[in-house]
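To keep things simple, chains are lettered A, B, C and D as they appear, and every chain counts its residues starting from 1.
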Amino acid sequence: MNEVEIGLTKRAIRGYSFDDVAVVPSRRTRDPEDVSVSWSIDAFTFSMPVIAAPMDSVMSPETAIAVGKLGGLGVLNLEGLWTRYEDPSSAYEEIANLTEEDATEGLQRIYAEPIKEELITARLQQIRDAGVPVAGALSPQRTQEFSSTVLSAGVDLFVIRGTTVSAEHVSQNREPLNLKQFIYDLDVPVIVGGAATYTAALHLMRTGAAGVLVGFGGGAASSTRAALGINAPMATAISDVASARRDYLDESGGRYVHVIADGGLGRSGDIVAAIATGADAVMLGSTLARSHEAPGRGWHWGPEAHHPTLPRGYRVHVGVDGSLEQVLLGPAHSAHGRTNLVGALRHSMATCGYSDLKEFQRVDVIVQR
Amino acid sequence: MNEVEIGLTKRAIRGYSFDDVAVVPSRRTRDPEDVSVSWSIDAFTFSMPVIAAPMDSVMSPETAIAVGKLGGLGVLNLEGLWTRYEDPSSAYEEIANLTEEDATEGLQRIYAEPIKEELITARLQQIRDAGVPVAGALSPQRTQEFSSTVLSAGVDLFVIRGTTVSAEHVSQNREPLNLKQFIYDLDVPVIVGGAATYTAALHLMRTGAAGVLVGFGGGAASSTRAALGINAPMATAISDVASARRDYLDESGGRYVHVIADGGLGRSGDIVAAIATGADAVMLGSTLARSHEAPGRGWHWGPEAHHPTLPRGYRVHVGVDGSLEQVLLGPAHSAHGRTNLVGALRHSMATCGYSDLKEFQRVDVIVQR
Amino acid sequence: MNEVEIGLTKRAIRGYSFDDVAVVPSRRTRDPEDVSVSWSIDAFTFSMPVIAAPMDSVMSPETAIAVGKLGGLGVLNLEGLWTRYEDPSSAYEEIANLTEEDATEGLQRIYAEPIKEELITARLQQIRDAGVPVAGALSPQRTQEFSSTVLSAGVDLFVIRGTTVSAEHVSQNREPLNLKQFIYDLDVPVIVGGAATYTAALHLMRTGAAGVLVGFGGGAASSTRAALGINAPMATAISDVASARRDYLDESGGRYVHVIADGGLGRSGDIVAAIATGADAVMLGSTLARSHEAPGRGWHWGPEAHHPTLPRGYRVHVGVDGSLEQVLLGPAHSAHGRTNLVGALRHSMATCGYSDLKEFQRVDVIVQR
Amino acid sequence: MNEVEIGLTKRAIRGYSFDDVAVVPSRRTRDPEDVSVSWSIDAFTFSMPVIAAPMDSVMSPETAIAVGKLGGLGVLNLEGLWTRYEDPSSAYEEIANLTEEDATEGLQRIYAEPIKEELITARLQQIRDAGVPVAGALSPQRTQEFSSTVLSAGVDLFVIRGTTVSAEHVSQNREPLNLKQFIYDLDVPVIVGGAATYTAALHLMRTGAAGVLVGFGGGAASSTRAALGINAPMATAISDVASARRDYLDESGGRYVHVIADGGLGRSGDIVAAIATGADAVMLGSTLARSHEAPGRGWHWGPEAHHPTLPRGYRVHVGVDGSLEQVLLGPAHSAHGRTNLVGALRHSMATCGYSDLKEFQRVDVIVQR
């Protein structure tokens, strides 16, 4: 075990982030064209292992459709601007124009608007009409309230996403969501998280989830560590959750629960590191928020940013790198690693001699110092 | 042991600061409302494990009262501006207006004013009149001179705070304070420190102290390391002192001496890390100096900053983050981790599935790389 | 083994870069004049262990000749500006004048011009006429297409250089270069790379290569790590490849394959670190791009910078440090470690008491922390 | 052993600098007034363990005298401006006025002026007339040429100081200095260095040296690491040389050779770290160059800065912190750790409970992470 002694009464494990690890080519190379980056979960197959994060800066119904058409999975945030406002464009406009100083209070105010069930239905219908897989996300706090609306509207994949989601939530004042029963009762696959440890993930897998999101919102716009002292260095978290995947596969007699990296994926090299440490797919936020089509207008923020009493994220200016297609599939006209993300993954796999994602999880990695 | 070899003749232990550690959620989560952050020392119970540091930038009689009313413990510096000046407002004004270049010399001059015993009495009386627990602090150098005045005035808790306080001070020219005898003779609980090692803390515990302050003034305004080469990475120091607490509990047949983190607690995540590594409570300086009510007017400095011949601290500009209530209890309208400190602690404990502070000392922690 | 556990399912080796290591003088010192830095590969002997990188910012036919006359080996890029343009001066001019924003697209456009075989012949002839060793480089992708032209034109050393070159390239759509057969058929020594691991290098050595380039373009102008997640901390890579050199020497019954560090050599101290960890020679890019004679006009870029769909390098401004002679042989009139590179290597070897390069590979090294 | 594997063929030891280590107070404290910082070497006793470095920015005959009167040892550079120029004030003026760009070439030009033997004699006589211990320094390269002049003029301590000085210098073209014979023939104690390893120092001790300088010019103005790839993390170097001191003490039947830290001592905390890891005294450069009296006029540079072909140091602007007395003995009116250096050492020793320098070499140290 990679354990250190903090002091006489406390031990800790040592964690590694994407920045700490890199992959290492070896004796064989391949043509990038021969590499497959396709990914399947439940009955759905995607030509890239990319899920667009249910964040308002990234996903509108239109961008969810666009991501689907490019071969990935777009997930709409079902408790965000698109279900609070009939026409959220002025809310987006306002967010883009908030001063640095007023950003958090502005977000708190804009998100105080109630969620409308009919908008949940309408937004999902719009995506379904486009003929791409339909996916929507709720936080665990809202899942009980709105899940029946979501299911009536119809989704292909249902995402329950919070900073931390556990299989066992304890509450003295209300009946908490029984995740296992809830998933059992649904007839759509559920992706749930964040989780970042072997134990947390194993229990989530036992609820029947089809996929587990790894991470605690550790992305570009998060201050979870500063505010809560919680951190999950991503490379370690993914490897630990991948270990739970393997053990649960055995325990369940063959259920393969997908491990989806969610956070810290700002450059294509981070996506490489995520797969290399065990992820099956990645959920992307800030890189997609940088596309022309993203509704955020060059700004990026997550749901933690507008918590009414304890905001733990920022609205950050990310700018625009290119079209959604350029961001995902290229061509890149810059070397910063934020465009042609899928091409870079493919190229890196080819350079290391691998031909599919599952194999690439075994590539050799190096830690610098 | 986490030991390293500096060279052929020198070994060292490896220390970790709050920045190095983070807590890790696991399989269970909780509602923040179900979490208790209350803390008791001697006969006193507080609704939050927060002591306001006896620093002139933080504590006036009014802010000591305000902290008490919010559920924490305010400690007045009994050898600072409030006991040197009948009306310290012009001294505060002058400090706020010192140029960067003149700051240290200005502080040395302003603090050259003698301490008045009658002001000690008056300030403590003012706090007592407000009906909150009364606490005052002296440095070990001044304790013998002024303690009888303090005791006559009446305090509920007495704090002896220096950069380093040991159970055994040796002097060739004067009779040093016999801490054990002194504490024995008092009939109020004493909190004493800083200390940062198992041995130093164990000896302080044996003097009869009710609490030990951990740290050497390692906060935002300190240059102790640059000037003296002394350092105490806080996570390690707390864990080591917590080990002394456990051993002394056994040795004494049941005396539980409280471990109070004092230094480096600039964000709520640091408070989480302090409890997670073994602290019972925290003493806060710069974060409270950032409140509207703080007497420092947006500036922060400690007693080391005005040492007449060897200053080891700075007057630093910290600005204002919100009211004392917002800083401690929220709501936060920013994500920087400097407001709603207690709410963040509560939230972090809930996310990790813990329901009281004592249990939370056992939470899993991770070190990044 | 210097292995770390990233998580429960993933181990990694720990790598060190040139910045991490330094050499340590010991009990003996020497006069720098008594130190030999000469280097021989195949039938060629050089008075310095320096190869100029086949990059358009560094090498023109004239600078290849100049490096040869100073005692090193210049290698012309045979698929760069000099073989695409009859007179490349306006292309250089244009590159120097690109704005930061347009740099990558501009390079992509300028390098879209086809390669002309007759220019390959003419450029190599020009170098041969000057009486210095003739060396040219192709990427593995172009080697099959242009190697016969190169061989007809005549080279003394042939360099196959890509980000990653393996002994076994797999392709479903075309017959890949059979490196072993290719090298066997040639009657000139071949230097090939980059490679960065024991295994990759050992297989390259088995193809019959005379030298192996170590590194993945990790230099000043590269973003390989950000884009591809691939990294090769140079000190570790060199040491591992030196291990392959030793094992292959035994396996082959005496063939000594030269290990040439290629990347991260921005200061003379890095060259020292490269030899100290096992390199026989170094391939220099940015330091030579900083010479008056370099065709890049104060700018530096590599072939990755103009990849049509996945650029992984930048055009960076490096300025001018002095003449090629000053950069290589001094005298230095600055202390930045970018001039008198060979003098500094000689001085460092003398200070550590060594008299030739092969011995200096055994010098003691230290890692800071 | 604190050894790491750089790669398959290379191991390294891990080194620590002053920044990495800090001392840790324990169970006892003391009054600073009760602490002795006196230091004796050969027949000379100093009230502080401080040697002023033989650098032209630090030492003039006047400042050598002033340091002596304050209780330390001033060492004049006998091959610097004071022995090249009858009146060096215009040289100092010129150095202070060189532009950043011309600094190195300017120093090379100014130091091209030959050394005059009569000036060596005159400068040493001036110091002797003031009644303080007389010490002068030569580089190993100049020692043979000028030592007889120095000895005729009369010195109490003779310093041979270079970047690296070994007991065994090998030269093919000239008879090198036989250090052992040279020291044997002298009747004054010799301090010699830099050295940074056990082996190098042990051999220097065997030459009969009274003290060994530890370090390779690793100070504020040095670029030795960038240029030569040579580095000696100071805490490790001191501890290793202290180990040689102990072994040589045994081997020689009682000769105690002093270990003098030379380099990286920019703040009082570094001086603490130097003693704490085993040094007997410290040689100070940049901190003294910051005094009013220093001849450098707010600039600092070492002999490496004007090497004619391979400069490895910079002229850096350091400004002025106070009088020589304030720098060494206080009072400090700033918290940056660059004034009251001796007071800070005394205070740190007292805080850790130690009463003399030799004991303080055993203080507990901590490495942060």
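The rule we apply is simple: contacts are C-beta pairs under 8 Å (C-beta built on N, C-alpha and C of every residue); 3 or more make two chains touch, one makes a residue touch a chain.
Model, not experiment: these values are computed from the prediction.
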{"item": "Interface composition of copies subunit A and subunit C: same or different, split at half", "value": "different"}
{"item": "Fitting subunit A to subunit B on CA atoms, where both chains share a sequence, rotation angle to nearest 5 degrees", "value": "90"}
{"item": "Whole-Å gap between the CA centroids of subunit A and subunit C", "value": "40"}
{"item": "Centroid spacing, where centroids are CA-atom means, of subunit A and subunit D in whole angstrom", "value": "57"}
{"item": "Numbers and ranges of subunit A residues touching at least 2 other chains", "value": "14, 16, 236, 367"}
{"item": "Touching pairs among all chains present in the structure", "value": "A-B, A-C, B-D, C-D"}
{"item": "Interface residues, subunit A side, partner subunit B - complex", "value": "4-10, 12-17, 20, 104-105, 108, 163-174, 195-197, 199-200, 202-203, 216, 223, 225-233, 236, 304-305, 308-314, 367"}
{"item": "List of subunit B residues in touch with subunit A within their complex", "value": "1-2, 14, 16, 18, 21-31, 33-34, 198, 235-240, 242-243, 246, 267-273, 276-278, 330-337, 340, 343-344, 347-348, 351-353, 364-369"}
